[in-house]
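Presented below are the structures under discussion, each in the form of structure tokens.
Here chain A shows up in two complexes: once beside chain B, once beside chain C.
Take a look at the complex of A and B:
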């Protein structure tokens, strides 16, 4: 059962940050899609809940060709899924959102909440890292920006300290020959991934690989970048054999934990398959771009 | 046989309680709230097997708001079971006195002024345990050195069942080819939308009223009276709306028992509602089964003999397991003619959640083994699986030796239709296949282990002055739409409209006794009772019509669409409403009342009638990850005369979702007796995005024993699916799946093993 708590409802970001700084045993709630579950299980029982759902200044999707995409922290998954500009410029984000839980969850859950919760099985993390996103967070004493892959520290832990709120996700404008793909492996389409892989590929004008990213979901304490696989691809003319080799590396570098849904061996195997497939898909996109 | 023209039967009738449900006005047990009501919670065993040395409730009683704490010592300590006729199978004390046999078993119950206080009080009950060695798998539990779960039960064998006909050994000798396989079928949670729930109210007059989420108000009444030391007539059970049953809700459960025990001590209403976790770990489940199947066949595809042995994981108590044990063995022979057939089933106690009946009643497991093995045999011998099934299938007039008589059977047409459908699909892409499976199912059980002295089904119909109809039935609507089915049968028989009928059900004080909603029995059995009651009432009405109309006695009269008329001259007649008024006056004001009942006689051992079907599943496998995608399910189905088209579609789709879940998603893994996924995140039930198209082809047959020719139409549809999916995967990938559920990991393992063999 959910414990009794004091409910705080700031009207502005400034007020929210001030309140958060003031109360020690305080958790931030916006969509509540992650927090309410752990509260119901009694795993989290804060004295104060700070509800930032009504802080409208954090709810936005902005895009310009130079600066790229900026998504405010309290923007819902459903808003991202339904955004025309994101569909046009970052289709992988829409595809990811379409399979993130159910419509009900996407209507409530927010991008900031998802990233702050830092569940390594979360969908947005690996995709946004593959897209080279940065995250802006801050408290009443100032703002910080970090590449998203450095933001996650451990299971359910980020660089943020008490008093920090996620403010914005920034995704740079894709380079000319760029592709990005994401797929999770699960039993039900709307489930979190048993494992997942995101990959992005940037090509030089001569068709060789300028840059690549491989990011695994639910394969360790944080969304896991497989730099060894990325390094393998950079500078080379890409082909299926290289993708298979990169998959093999991902499979070895992963640190998945077995549970009733899949053994460690099966998780490693599928991570290899997904990595190979997503690299190929990203590569095909980059070639066509 | 050609059917009469029906006005209501086989039309699209929306559930008569649909509006109440979708507008939230339907009162389920969960919604019942009485003045002064207390809330009960149950303390459950953390051990799979342990002696209760002492239970100290002092600290819990001291918590403000707590009104009572009860343990087994506060009960009559009666060992109960639904197989009332057989004392040795009544093995479950709902609050045990001496020891617990599975994790989650009730140990004590608390009633308090709020649910929160009751919950908090559970932590203050101090139980002293002596933990005993435990055993979880039937093949372990049956060993000599295994711990004893029930004193005096040797090798933990709870029940055995032997079915045999023909000279099996001789028939095997005639076989050109014999194949044997082992299979492992998993358990499955009933996963009712409404968890087990009860509100009990005992008053100083000595009367107990219980609202319960049950599949049979009558069974609940009888079982409660038995364990509480009350007369059946002093217990009233109400179940106006029930949020699903699927075979898991016709035994006595801890919500009913604990709420009643506490209410009787306090003279106050007490409500107990299981959480979803409690429903998973401490209700009951589909019976997990190990099957050994040996089949002998001639080169030309003629079946000779089958011999099977089955070991089921019975869990801690008998429940309905004894019936599932028999029915699994019986339907394992279906729907084919065997010269020799032999089945030996062993139900073995283990220290896990008790197993019981669940939609299909042991048949889905039996078919998973049988129907896959038949396809493999066909492949081994180069035979056509459709042809082999046609050649050996049941036909009208066949007698399953000593077991059953088949009065109607559309199996051959089912096979023909599915064959056409499969062939129309043409060549499929790589890694995709269609699998088939045929089966049959019963239309209600003949067995009377409950030892009911009442008719199996009864109905009473009374006609009001304005022509509206009160239909009282004991059959239980649990969401499957039986009230609507009964209303249709009543409206058709009386010649009125569905909206003229008010169905009264789920109340033992006002409705006649009926065994309830299990074993696909209500359409046939309660349907016959309703038809008989309405014919009785209609006959009385028509007697007045003859007098009123002054016609030649050789003319037949009938009522259709509220018009009483001469059958040969339909334009000559009078309105039904007018006739009712006159009949009432002529009877000195007595209402027209009809009575009907059904009890099977001379219908063999199992059931009065059998449905038949063949199903095809179109599925695709990702060869690298093992993930399965279901594209489509198509079923050709002989349920006799369908009563309600919409209801039938609902049953088919519901069955497909449940049976596909069983086939490739749902699992109940245990570690040291603890269920590892008692929540809806980790227990995988099919959701809308996974649900494939599920079509139906109705085969026209007429069952002489059924009301208007109707048979079973909902439960049997769960039987073929796991096997059909297995066969689809076999056809797509060439791998044989012998264990349920068919998970991606098991698919990949089978693919690897296939590669090894090919090397």
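Take a look at the complex of A and C:
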């Protein structure tokens, strides 16, 4: 049962930030595709609900070759999925969105809401971290920017303080020899991942690995970067044996819990396999790029 | 908590309802307006029985605050028929036996309607994906996909 709350509907971003600063027991709703579920379960029962669904200033997709991609917080998942420029420049984002929940959820839910909810099983987190994204958030007293991998603090917790709204996700322009891949393991396409892995690879002109990222989904309290596996790959000529070794490291470094969907051992195993496969896929893309 | 006024269009008609802001769209549609074609199933954004279209986009009305639909146009399954004539996808469902118990049907029809209106020469795979958010426990989906296919192939025209 959803609790009674006072409904706040700001007309602009400025008004939204002012209202949020004013009320202590206040939650922000945009699409509400995550929030309404936990409100119905009684886990969240705010006195005030601040609706930013109609704050159009935060709904945009901008791309510039130099600056990269900027997605406003209230942009829906479906808008990202259907964006031509994203399909062309960041196909991994479109592939991720196509498997994020159902069409209905993607039509109403937003990227900012997803990231602010900070569910470690969420799909955008690992992919955006592999793409080296930054997140911009802010309150009436100013804006802050953080690398997305530093934004998530714990289960459903982020760096944001009361009064902060997610404003924008910024994804840099991919380097020349760059590839990125993501896959989640689940029984139904539209489910959250039982586990997931995202990987990105940047190659030097001589074909050696300039940079790599390995990010695991639903494998700990936050989207988990496996820096040990990344360090293993950097500077080397990549091959299947290295990908397998990186997978082994990811499997060991993961902190998965056991639940009704899978045991801890099963999760570790699948994380290792997914890491190996995603690195290989990212590597193949980087070679062709 | 104070009630608020929600003005929006449902199936082409203007409505003005006084609701608590916590009221879900599915509740307004069924309990305030009496469009009981929209079903409430899982209530956790999983089953899709409550699917309606807002400004042409499918959403799950069990997980949308009605007050967020201010000035928007909602279509429920009752809004598909025009002047007493069933819509193409409704007739295709009849011809293909795309339902058994019927509980998922309104949601399936709304997802299919949104898909058909935007799809250009869709593949069979895309047709299947178009109802990914809707669960059916009796037909096994094939007959539903056949109905969608028939409409996208132009076998059913608006009457």
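Note that in this section the second predicted complex is superposed on the first by the 289 of 289 C-alpha atoms of A that agree within 3 Å, B and C clash if a C-alpha of one lies under 4 Å from a C-alpha of the other, contacts with A are read in each partner's own complex, and residues count from 1 in each chain.
Keep this in mind: a contact is a pair of C-beta atoms (placed from the backbone, for glycine too) under 8 Å apart; a residue touches a chain by one contact, two chains touch by 3 or more.
None of these values were measured; they are calculated from a predicted model.
> Using the touch definition from the top, say if A:206 reaches chain B (first), chain C (second), both or neither.
Neither partner.
> So, does A:189 touch the first partner chain B, the second partner chain C, both, or neither?
Both partners, chain B and chain C.
> Which partner does A:103 contact after superposing on A: first (chain B), second (chain C), both, neither?
In the superposed model, A:103 contacts chain C only, not chain B.
> Looking only at contacts as defined up top, I'd like to know whether chain B or chain C touches more of chain A.
C
> Figure out whether A:161 sits in contact with chain B (first) or chain C (second), or with both, or with neither.
Touch partners of A:161: none, neither chain B nor chain C.
> Contacts for A:65 in the overlay, against chain B (first) and chain C (second): which applies, first, second, both or neither?
A:65 sits against neither chain B nor chain C.
> Let me test your reading of the model: by the given contact rule, A:4 touches which partner, first (chain B), second (chain C), both or neither?
second
> So in the superposed three-chain picture, is A:262 touching just chain B, just chain C, both, or none of them (first/second/both/neither)?
A:262: touches chain B, not chain C.
> Just which bits of chain A does chain B share with chain C as contact spots?
Shared contact residues on chain A (touching chain B in one complex, chain C in the other): 102, 189-190.
> Note which residues of chain B are touching chain A in the complex, please.
Within the complex, chain B contacts chain A at residues 116, 119, 624-627, 665, 667, 669, 676-677, 682, 684, 686-687, 689-690, 743-745, 748.
> Looking at the complex, which residues from chain A come into contact with chain C?
Touch list, chain A to chain C: 2-7, 9, 29, 32-33, 36-37, 40, 49, 51, 53-54, 78, 98, 101-105, 107-108, 189-190.
> Under the touch definition given earlier, write down the residues of chain C that touch chain A in their complex.
Touching chain A from chain C are residues 1-2, 4, 20-22, 24, 43-45, 48, 51, 54, 57-60, 63-65, 67-68, 70, 111, 114-115, 129-130, 132-134.
> Looking at the complex, which residues from chain A come into contact with chain B?
Of all residues in chain A, those touching chain B are 1, 102, 185, 187-191, 260-263, 266, 269-270, 273-274.
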